[in-house]
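So that you can tell them apart, the chains are marked A, B, C, D, E, F, G and H in the order they are listed, and the count of residues begins at 1 in each.
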Amino acid sequence: MIYCAGKTVAQVRTIVAAMLEGEGDILATRATPEMAEAVAELSPDARYNPLGRTLVIRRRARPPTETFIAIVTAGTSDQPVAEEAAETALLFGNRVERINDVGVAGLHRLLARLDLIREARAVIVIAGMEGALASVVAGLVARPVIAVPTSVGYGASFNGLSALLGMLTSCAGGVGVVNIDNGFGAACLASLINQP
Amino acid sequence: MIYCAGKTVAQVRTIVAAMLEGEGDILATRATPEMAEAVAELSPDARYNPLGRTLVIRRRARPPTETFIAIVTAGTSDQPVAEEAAETALLFGNRVERINDVGVAGLHRLLARLDLIREARAVIVIAGMEGALASVVAGLVARPVIAVPTSVGYGASFNGLSALLGMLTSCAGGVGVVNIDNGFGAACLASLINQP
Amino acid sequence: MIYCAGKTVAQVRTIVAAMLEGEGDILATRATPEMAEAVAELSPDARYNPLGRTLVIRRRARPPTETFIAIVTAGTSDQPVAEEAAETALLFGNRVERINDVGVAGLHRLLARLDLIREARAVIVIAGMEGALASVVAGLVARPVIAVPTSVGYGASFNGLSALLGMLTSCAGGVGVVNIDNGFGAACLASLINQP
Amino acid sequence: MIYCAGKTVAQVRTIVAAMLEGEGDILATRATPEMAEAVAELSPDARYNPLGRTLVIRRRARPPTETFIAIVTAGTSDQPVAEEAAETALLFGNRVERINDVGVAGLHRLLARLDLIREARAVIVIAGMEGALASVVAGLVARPVIAVPTSVGYGASFNGLSALLGMLTSCAGGVGVVNIDNGFGAACLASLINQP
Amino acid sequence: MIYCAGKTVAQVRTIVAAMLEGEGDILATRATPEMAEAVAELSPDARYNPLGRTLVIRRRARPPTETFIAIVTAGTSDQPVAEEAAETALLFGNRVERINDVGVAGLHRLLARLDLIREARAVIVIAGMEGALASVVAGLVARPVIAVPTSVGYGASFNGLSALLGMLTSCAGGVGVVNIDNGFGAACLASLINQP
Amino acid sequence: MIYCAGKTVAQVRTIVAAMLEGEGDILATRATPEMAEAVAELSPDARYNPLGRTLVIRRRARPPTETFIAIVTAGTSDQPVAEEAAETALLFGNRVERINDVGVAGLHRLLARLDLIREARAVIVIAGMEGALASVVAGLVARPVIAVPTSVGYGASFNGLSALLGMLTSCAGGVGVVNIDNGFGAACLASLINQP
Amino acid sequence: MIYCAGKTVAQVRTIVAAMLEGEGDILATRATPEMAEAVAELSPDARYNPLGRTLVIRRRARPPTETFIAIVTAGTSDQPVAEEAAETALLFGNRVERINDVGVAGLHRLLARLDLIREARAVIVIAGMEGALASVVAGLVARPVIAVPTSVGYGASFNGLSALLGMLTSCAGGVGVVNIDNGFGAACLASLINQP
Amino acid sequence: MIYCAGKTVAQVRTIVAAMLEGEGDILATRATPEMAEAVAELSPDARYNPLGRTLVIRRRARPPTETFIAIVTAGTSDQPVAEEAAETALLFGNRVERINDVGVAGLHRLLARLDLIREARAVIVIAGMEGALASVVAGLVARPVIAVPTSVGYGASFNGLSALLGMLTSCAGGVGVVNIDNGFGAACLASLINQP
């Protein structure tokens, strides 16, 4: 796995080239389009997700799990983090179901999708601003909830700090929180839950 | 109106004695039982609410308004702030309806009380921890919402800071926030809305 | 309503196109000139306010309210937030009166406009730096005050945090605070007060 | 479940009495010895853990799970939080294994217990100060790690904030974080993982 | 000068005894009544101000200055800090005029005292909560203003931080700020201004 | 006086044009070169200081004061703030003496200039990083010290916050602090001290 | 070594008893007088320093080093931390020299002791408030400086945070910082420097 | 030594030209490529390290010390800070050994290099995110450890604050911390330790 932020295109290219000599799957997060181009020259199998800024080279085909990870977002601005989480979870062999745009300001949209969420083995909830969606989902669904605060918002959102604090102090039990915008980390944890 | 915190019993007594020479209603917030005893000696009409720590001397009887202020709390620990708000609103001549213990971890309890809340002229929402109740109520009710974060919680609640930030960054429109535990201020604002 | 920050021009265009199939008014906040151009191609009725960064498509003509919302600013740097608030309030059908440049460093300017402010049904006070204007107005005017801290200032202003804290701890009762630079949210709340 | 902090002995007693009319297990966290005494009068089955400040009334006997939750602490000062987590996990029917005093300043003690930790279905890591134990365990063990920062420490520990931030920014994947000192919440999440 | 906080009664007594062997005036701030008693045994001239928590032993009589320092407070809770400032300024030989309870929520009280404040050589403004009084005074008075934030308030006052930030970001020029509750430091600076 | 940050070139030009119809001196701070060019077209007397980012149009010639303001800087990076302070103080009619590059890491440089500083009527101390220079100067010089923290530094300097806190908590009495980088405000206060 | 804060008297007694079965020296920091009494019953060699709150049982006599550690304090309130550092350094076999009360507000006192400090192998500088002493010493002395911020001060000292930030951003090179009030940690580091 | 951030190319060039008239070595940190070019025109001996952003002009050749400074990094993103530290230490005449990419998520890599680290006279540990490497190294190696937090990371890393707090609250003794990204300062301190 490569975390590209703070690395140059050349560094990423070098690391990927070295990893291609091994046999494992390759995942680069926070990858720029320039990095994607550089890696495409190394491997025809590289697939770039520009919204999620992920770069995937899958080398070991295997069927996804039967149980699944639900990835739930509050709004469209949370989509990039959801993409990062989904790409990671898929590469790790998990079945993924996405439930988008169900923020608490329009509660009926969430209630309409509850049945699907309740069937998940683990639920990733992605939300910015006040991050209330994590509490509401955890109150309604008896599944492990992994909450990802996003840097969506302005002013007192403090780049995701408000959502982070809100998720940590959730009045609902059973919520584990990862770093702001950390879709990758949430998927790691969800995958460890989904595949004992 | 007297804010008693940081004042001595003697100071509060002196201020009340001076106010009794006028004709207005008297409200003391954050009053200790000792202050209540000292004031009881000054006026037989003094009424102390130990949970809300309010001390009221009502001198101008008047019928309450027809429209009402809804005071909504997330949990029992928010009750002292709700009492301060209710005592203030009542003294100012407002009809008050209370909706208690409807925190988002048990959403069905809130949904069961929605009809009443929707009839209010103004809604005061009181919650600690992540303060998500303000967003959820504002998403469901097209009424002015005044959010009061409380210092309920521990750790990353930071004495109400998390609830404060959550309410300020609410994804639902139409939410005005007052200081942490400021039931008095919320009632002032709600009263100005309820009595044009 | 569309909050454009963090969305692409294409995303905004798509959302507006979908909304145009309905019948409601459309308001986009934090819209860039590029977004305005893209939307202008979709509807000849789109009106862009470059200072307030709002994009409005009005489709249901109705006379404004008789009662009005006063929008009060401390200085010219607070103007963009005032524009966002005014555009929102107008679209929601409210009469709006603006009182500009009455910051507390020149108190006489504020005192000269008090009569108008006192007639308002709700008052939006917009100020940066220390945000003292909210306290001073609330001390002088017995109307619901909605305070909007702005990110105007430098150093210890901390992008609006100082104004936010100052407004939350106002020594005057009856002040509800919204997020930093949140003219839209203030207008939502003021409209709910102005139009019961 | 009852969170006792901020409640009076009488309130806790009343809530427990009401719950005893139902049939479920009862768990009170952050309970004082006085609360324990008051509850003991209500039920002979009440068991108080003074270190963990938990009060348990078990009413539905059932065999623990075969898979287990590992509860790992950095030092003796983290023990109260570990007790709260263990009591909660046990009441929920989980097998629990405890690995104490394996902080990173004495790495060999942790390495000596790795085999046991690796067999767990979920791992709760409890640490104060810089909270590095969570990263080290997650780097060594391919299991879901739930990190609990504790308020152990002084000065720049800021009552657990440093440990909290350290755990959130862990360089190892697969770590979910709960609130400072929140042994209860960690056990809720671990139990949902251990019992699909 | 002795800053007593964090010192024992014995330490203060020892330091005062040593200073009494010299000839200078002695001022102890943040002194407890116990310290006052211990010092009274050393010198019959010791004078204790319980509200300001100052202990003064004046040994060099001299007439006060003709020009004066104005000490302006927002409310009664700011009085202890004002006493500390006044005792310090007086001991340093300054004439002092006090203007109390002129917080911005009741602007007319301030306006009624403006003439006196405008005659001062230096103005000390003492206020808690949002600290707006400093800006308003500095906008009205062309004199050096020394602002002292106080720890008066609760919640988002953060023990004086909000007042501190508000004073630092004052929209009015000519305001110098000292530490929270630092009446002593304000008087030092005012005295250096008043006595060139 | 015009604070240019957050204003457009056109806005600054308009404001200056309006002020030129009066007779007073004009000072614009935080002015960009583009603003300087625009203003130069309006008045041949406009003088731009690119380091201090000040724009001055002097219209009332008067001899400077005999007493002077000392402007003391810790390092060359503090020079822009010193220029802003100097231009402001000069425009207000004060004599100014500059003492540069006397930070505490090279104490001998400061000691060599003490005689001059001690003759000042007021001392402005400008320093970033830990801001220790204010304490050292105030300990050595019995003059009013106005401390200006600068945003010089990185990491834990937090854009001037560390210097600000250090100056506020100075162990030396008689230090008044202004906002980070606020050379203008420091000069306003110093001028009020220097010209009773 | 035992860090006693957050431990009970019984726990400390048990740990000491276990350690007494070994042969090493024993040091307990943050020990209360009650702990000292309990340990005195276990060993007649236990020595308690009430100011430094240290409890030492020395069992391996050895001559101190020739080179020494200088422990420098700004004021008497910093003494407890200095005692903790000194007891620790002495137990580890180091020669220690103390230089007290040389804060920067009285620079001559520091200059008078410079010769001794310059001979040290390592220098521990202990200061609260703005912590400027570390910068000044490091600027004057070409020795490794270990800075210990103390929680001495009030208001914007934020329990040592200001001193901590000031020391971290010191304009003088060669300063390493430890946690607030951490005399023990500073002595550990100094001892590792003094005894290669 | 020149700290280039916040200086112009012309300023750096002028300072270097002045220093070249003396005889000492010259080190510029945070130098841009443009500065490097400007200085190259002044001296053919100037050597620029683009990764570490250091510019060195060595003028006094001397053999390095026999004892050495170990520079240990957690990941490749920490490399720029390590380069700054290494260039500084080398210029000061120290032997330097580098141990790269031994972050705690892959503990075996660190354990494999322990023998070398243990031979060092001083150890510089450079890490971002949660900064746990400092605690782990200090627990394993009885040498003075100088910890450098880096601004590597995102979200709750808060530009190095989390690593800074983690290192300050390290559970292992003997760790001195410098400012975020301050490779230069760490090398200054290490050099003072390595060359008594």
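Following the convention adopted for this analysis, a contact is a pair of C-beta atoms (placed from the backbone, for glycine too) under 8 Å apart; a residue touches a chain by one contact, two chains touch by 3 or more.
Here the structure is a predicted model, which means the values were calculated and not measured.
Participant: Please give the intersection of the contact partners of chain B with those of chain H.
Facilitator: Per touch definition, common to chain B and chain H: A, D.
Participant: From the options B-C, A-H or C-E, choose the one that repeats interface E-G, i.e. more than half of its residue-numbered contact pairs are shared.
Facilitator: The chain pair with the recurring interface is A-H.
Participant: Given that chain C and chain E are copies of one sequence and touch, is their interface built from the same residue numbers on both sides (over half shared) or different ones?
Facilitator: same
Participant: Could you please state the distance in Å, as a whole number, between where the Cα atoms of chain B are centred and where those of chain E are centred?
Facilitator: Centre separation, chain B to chain E: 35 Å.
Participant: Round to the nearest whole Å and give the separation of the Cα centres of chain G and chain H.
Facilitator: 27
Participant: Averaged over CA atoms, how far is the centre of chain A from the centre of chain F? Could you give it in whole Å?
Facilitator: About 49 Å, centre to centre.
Participant: Return the residues of chain A touching two or more other chains; collapse runs of consecutive numbers into ranges.
Facilitator: Residues 155-157, 161, 164, 168-169, 179 of chain A touch two or more partner chains.
Participant: According to the definition already given, which pairs of chains are in contact?
Facilitator: All chain pairs meeting the touch criterion are A-B, A-C, A-D, A-H, B-C, B-D, B-E, C-E, C-F, D-G, D-H, E-F, E-G, F-G, F-H, G-H.
Participant: Chain D touches which residues of chain B in the complex?
Facilitator: Residues in contact with chain D: 76-77, 152, 154-157.
Participant: Enumerate the contact residues on chain F facing chain C in the complex.
Facilitator: Residues in contact with chain C: 5-7, 11, 149, 151, 159-161, 164, 179-182.
Participant: What does chain H use to touch chain G in their complex?
Facilitator: Chain H reaches chain G through residues 1, 67, 121-122, 142-146, 164, 168-169, 173-179, 184-185, 188-189, 191-193, 196.
Participant: Which residues, counting only chain A, touch chain B once they are in their complex?
Facilitator: Contacts found on chain A: 74-75, 103-107, 129-132, 135-136, 138-140, 153, 155-158, 161-163, 165-172.
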